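What follows is a set of notes on a single structure, which appears directly below.
Letters A, B, C, D, E and F mark the chains as written, and numbering starts fresh at 1 in each.
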Amino acid sequence: MSNRTALVVSAHSADFVWRCGGAIALHAARGYEVTIVCLSYGERGESAKLWKQEGMTLEKVKAGRRKEAENAAEALAAHDIQFFDLGDYPLEMDREAKYRLVDVIRKVQPSFMLSHSLDDPYNTDHPYATRATLECRMVAQAWGHNPGEAVLGAPQLYLFEPHQTERCGWKPDTLLDITPVWERKKAAIECMEGQQHLWTYYTNVAENRANQFRRNSGGQSGGREAKYAEGFQSIFPRTVDEL
Amino acid sequence: MSNRTALVVSAHSADFVWRCGGAIALHAARGYEVTIVCLSYGERGESAKLWKQEGMTLEKVKAGRRKEAENAAEALAAHDIQFFDLGDYPLEMDREAKYRLVDVIRKVQPSFMLSHSLDDPYNTDHPYATRATLECRMVAQAWGHNPGEAVLGAPQLYLFEPHQTERCGWKPDTLLDITPVWERKKAAIECMEGQQHLWTYYTNVAENRANQFRRNSGGQSGGREAKYAEGFQSIFPRTVDEL
Amino acid sequence: MSNRTALVVSAHSADFVWRCGGAIALHAARGYEVTIVCLSYGERGESAKLWKQEGMTLEKVKAGRRKEAENAAEALAAHDIQFFDLGDYPLEMDREAKYRLVDVIRKVQPSFMLSHSLDDPYNTDHPYATRATLECRMVAQAWGHNPGEAVLGAPQLYLFEPHQTERCGWKPDTLLDITPVWERKKAAIECMEGQQHLWTYYTNVAENRANQFRRNSGGQSGGREAKYAEGFQSIFPRTVDEL
Amino acid sequence: MSNRTALVVSAHSADFVWRCGGAIALHAARGYEVTIVCLSYGERGESAKLWKQEGMTLEKVKAGRRKEAENAAEALAAHDIQFFDLGDYPLEMDREAKYRLVDVIRKVQPSFMLSHSLDDPYNTDHPYATRATLECRMVAQAWGHNPGEAVLGAPQLYLFEPHQTERCGWKPDTLLDITPVWERKKAAIECMEGQQHLWTYYTNVAENRANQFRRNSGGQSGGREAKYAEGFQSIFPRTVDEL
Amino acid sequence: MSNRTALVVSAHSADFVWRCGGAIALHAARGYEVTIVCLSYGERGESAKLWKQEGMTLEKVKAGRRKEAENAAEALAAHDIQFFDLGDYPLEMDREAKYRLVDVIRKVQPSFMLSHSLDDPYNTDHPYATRATLECRMVAQAWGHNPGEAVLGAPQLYLFEPHQTERCGWKPDTLLDITPVWERKKAAIECMEGQQHLWTYYTNVAENRANQFRRNSGGQSGGREAKYAEGFQSIFPRTVDEL
Amino acid sequence: MSNRTALVVSAHSADFVWRCGGAIALHAARGYEVTIVCLSYGERGESAKLWKQEGMTLEKVKAGRRKEAENAAEALAAHDIQFFDLGDYPLEMDREAKYRLVDVIRKVQPSFMLSHSLDDPYNTDHPYATRATLECRMVAQAWGHNPGEAVLGAPQLYLFEPHQTERCGWKPDTLLDITPVWERKKAAIECMEGQQHLWTYYTNVAENRANQFRRNSGGQSGGREAKYAEGFQSIFPRTVDEL
């Protein structure tokens, strides 16, 4: 019934890898066309390792970050990755940038969307991106915005996992088994050469979410043998025909 | 993979009708065996109309309430309805009563369970029933409880809709289209002759949840044409292979 | 002691009808002068039916929406309705627009104000309007803003009912019996020809809030026989001489 | 319309003084018959000063605490004070104790009730008393409990101020001006000879709540000149004819 | 100033290992005498592996669990471990059991206490233990409980990490570097032969909390090089002389 | 290890006095260099007394407020006070203003920071300042912002006490004994001649927070004899070597 498309809105160009790389690869493998929008490169705030190199410039950082993200998107078999290059720390979107995101949303017509948690005291760019995504989702639904274009339906917005979940008020209600595509996610993670300090962290996260997957799918009575999983929080209720 | 069985734990003998009668009928129609446990008859607190009659006694109230509930269960095509007769206002469960519920849970091996909201300042029996259900679910999972019996897996616990949702801290994350079985739910509602003041209320609820179903399944871009729906809140995360 | 005036701040030109039309009519009938400010016409996002017509333009939509709102305000016997025409989806207020709202607040000197819920993931214009209202209320209290003008006291801000209450974190603490003016609210609702899909929804809401009014005013021991009611959430504590 | 009666449920025999002595005196002065139920004397946990005296016994502590509470109730012009003597630290109520409270509730038929906050990590007796009060309020509403007796309507339950408000999740929505009866509350406070360390504390609280009363009744534009106030949190929505 | 003693209240006999084994070992190494109370052996609900063995009995399970816990306590250099043997799934404490815990608290006079999260829908024994601990802490502070004994001061209660943090509403505010004692915690974990499925899980948790330790102690500007950490949530405010 | 410096971000020029004057004076006395940034003078919204004088102008109000704040800072022995003069009611910060704050943060390299609560329906400038502070803290940590400058570590952000704590969702987790410097805070308070209505209020607050300090540091078993205290809420977890 719904389109087999999905849209990821990533504040910085590496976020999509750690937080929903498995979801991207898994849905790609299932035939979804997954589009990734990187609102910024994370060039100022998430590229410390590059900035510590001699003679580094903003353009070089952006180019390096872009290359890494493109490689990761390819490793995940994403359909498309777009870079809005809006700047980071802080990220800001004017009306033009928002309408650009609306255009992408309408073009993709995603059956679901992915973005950051609603709060994050460590990183204000993250909730900023999510709130802008909710706003753009609303505009994309408006019949009076670019009349004649196909308006957006009501795709779920899943919030992917922030770095320090409890401090961000993020509470997963959906655990996704990404075992079949773990090698792809691992490959994408390893594209992020500038942030090796996070490789182990997100491998641990994936293993532990899989433990929770096993518990919630049956526990000691025989849960599913997931080895790697990702967690997501839904913003909207599901509409179903069976519980 | 999972059993096609479900279990409803209802504090009083009419709660299951208003709050999840549609879910019962729908799953019955889909081939589920749905078992209903009524912890009490609601004989003291939810039978005002009967008590206003001349010469009424506790036993007569209980008999009347039981009959109504049995009729409703039949209208919904429930597989089984059991009456624990534990008393109401207040409802209290000792260890024996809890183990009785554990026995039912293990016997039914439900793929999902339904009970009340976690809070309700108007009706303390309701959250009491839910907390007991969570406790009994845990006991049913214990390998050391009646060793040798088949232990319980990890069924979802859905919280059905309380009377004044916002005051009970209840937040639906799942909307179920019950249009195909509305006539059954209506028939079950009309078995509850002692509580006619609630008939319109829960018809309105079903219509309005259907409006929300339409919005969340597509909105102005073409949501599903549900006419009646029920809302539920999940306690545990879902474990899925696709978002 | 306080002025018999009230002020409604409505993000789009129809919101005031569904959400507080009864409160407007009731207070008008009690001698209050109620002023309504529509920050936008909802011309882009809440006029799907109009946009589906051949040859529709933004100006025609706005004119149509304005007419409907004026008719509704008249049906409710509102004192005044003002259109700020700030655009919708998204609604944005610059400093000039905010000061315009401050001017209205100071001129009206409302004994209470009404606006939207503090959150709404479906419609970011709604909480935007409320937060702007809180900000403008604060500016209107400042002795240094247009010195010499009468500053604002401390009117209550009531949040009226959003479409999907639980998802918006809205929790009513005040139920208002609007039975005496229901015919007026119904007439206002029927002015909204473009949104007939909402007529039944908000009639159901009014009936069910009345059920809650009866329960909270006495329940089975004899509550007040309200037939239609509206719910509101207060932002500030009440200051009273009797509980 | 409603009875001019009120009921206070106090976990320990001094709680009613600090937390709602002003409300008692004010309503007494307005013609309300206010009944106070002290579930325990606070003899074990809130009588440190007495226990430090040579040769003290449980009975002596209880007698002393009772005398203090009676004096305070008289100073406040309460209609009646009853001592359930259920023990404290921890307070526990069996079914008999609860039904005794139900009897009082039905006899008093209060137009409003007062008890503790819903949480208090410092003092688990306090929320225990409140939860029992909610349960007994529900039983008092049941037509099947002692059929023939007048059932209870739907009185508001106000939660009075705990010692460390923020840690107890208590949020006042109602500020009561107790200036006219402050001397009475002061006299009642001074009956509590064993807890002089609290006298200044609750005088400060009353002054600061009055500051908030002034702000919320008009602020710098001319709020009411309250000098002493008490704060309360409501459990149920108000049912009104005017906002 | 304060005693160099600490008290852990563990619902089941293995909880203290996974959740605060590092804190125990670290404080032991710093000269604290740490006492552990195991309210039950987890014999019914957390010993699935044992129950799957031929000819297993409750007594054998309890003996095996006790041995494991004693070994773990020794590996952590705990001062004392006590087994209350109250039964599990469900855990229940009558007044006698609570007073027994009060006795331990008073004897230990801990400068801080450790127990479970306040909520846990998966395991109702956990919050039950914490609430009982809060109640017993209160009783231990009462001058009228066993007059003449030294009463308790006001030790902090830290909540240690539950299995699925976000679902339990647990939010860490304190990160403890346990790197110096990791080998001891690892040894204690490996005493838990019946629950090998948790070894990796809690090693991952320790590594990831250490990542958070590094971030919160300095981040990319040079945080402390912790390799293993544990997180805790405080119930009471800290009282300090310096921020 | 950490710098003995601290930074206060105050929305209006008097906020720092009421809310953290004790913390400033105490840390100054301990050798900390405390820098205060006043984003505005509070010239429009918090200077009612001045505006009631004949012939008052904005410049005169600002000059008067500045003088008061400088005197208060001196009374507290603050190291530096800076006035950004950004305007108030509403306070707004453009990118230039934010970068100016980033510059101060980097120059001061505070070991901890202080600002307002995250919510305040009475005063939207307050949470605005806090959110900007969190954003600027993040920018100050970015290696790509003014590359070559020393980046910021991870200082705690403490939220100081708002006027109506419970309505602002503020919950103190840290109580600071300011008894040794109370005379300094009192002197600073008395510099605020335009707001005498607040002197008693914040003296009461300090006395009552001290009562809570005594309770939480030992209670009836012998807490610390603090006479004046301030409360703070932490945003980030503490990283410690001992609980």
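We adopt the following convention: a contact is a pair of C-beta atoms (placed from the backbone, for glycine too) under 8 Å apart; a residue touches a chain by one contact, two chains touch by 3 or more.
No experiment lies behind these values; they were computed from the predicted model shown.
J.: Which neighbours do subunit B and subunit F have in common?
T.: For subunit B paired with subunit F, the chains in contact with each are A, C, D, E, in label order.
J.: At the subunit C/subunit F interface, shared numbers over all numbers used: above half (same) or below half (different)?
T.: different
J.: Find the geometric centre of each of subunit C and subunit E from their Cα atoms only, then give the gap between the two centres in Å, rounded to an integer.
T.: 52
J.: Distance between subunit A and subunit E based on Cα centroids, please, to the nearest Å.
T.: Here subunit A and subunit E have centroids separated by 36 Å.
J.: In subunit A, what residues contact two or more other chains?
T.: Only 48, 122, 141, 143, 167, 172, 212, 215, 220, 236-237 qualify.
J.: Every pair of chains that touch: which are they?
T.: A-B, A-C, A-E, A-F, B-C, B-D, B-E, C-D, C-F, D-E, D-F, E-F
J.: Where on subunit B does subunit A make contact in their complex?
T.: Answer in residue numbers: 6, 23, 26-27, 30, 112, 141, 143, 150-154, 156, 158, 172-177, 212-213, 215-224, 226, 231-232, 234, 236-243.
J.: Quick one: in the complex, what on subunit F touches subunit A?
T.: Its residues touching subunit A are 95, 98, 131, 134-135, 138-139, 141-145, 147, 157, 235-237.
J.: Touching residues of subunit A toward subunit F in the complex: what are they?
T.: Against subunit F, the touching part of subunit A is residues 43-45, 47-48, 51-52, 56, 58, 61, 88-90, 92, 121-125, 167.
J.: So in the complex, which bits of subunit C are touching subunit B?
T.: Spelled out, the residues of subunit C in touch with subunit B are 48, 122, 163-167, 170-172, 197, 200-201, 204-205, 207-208, 211-212, 215, 220.
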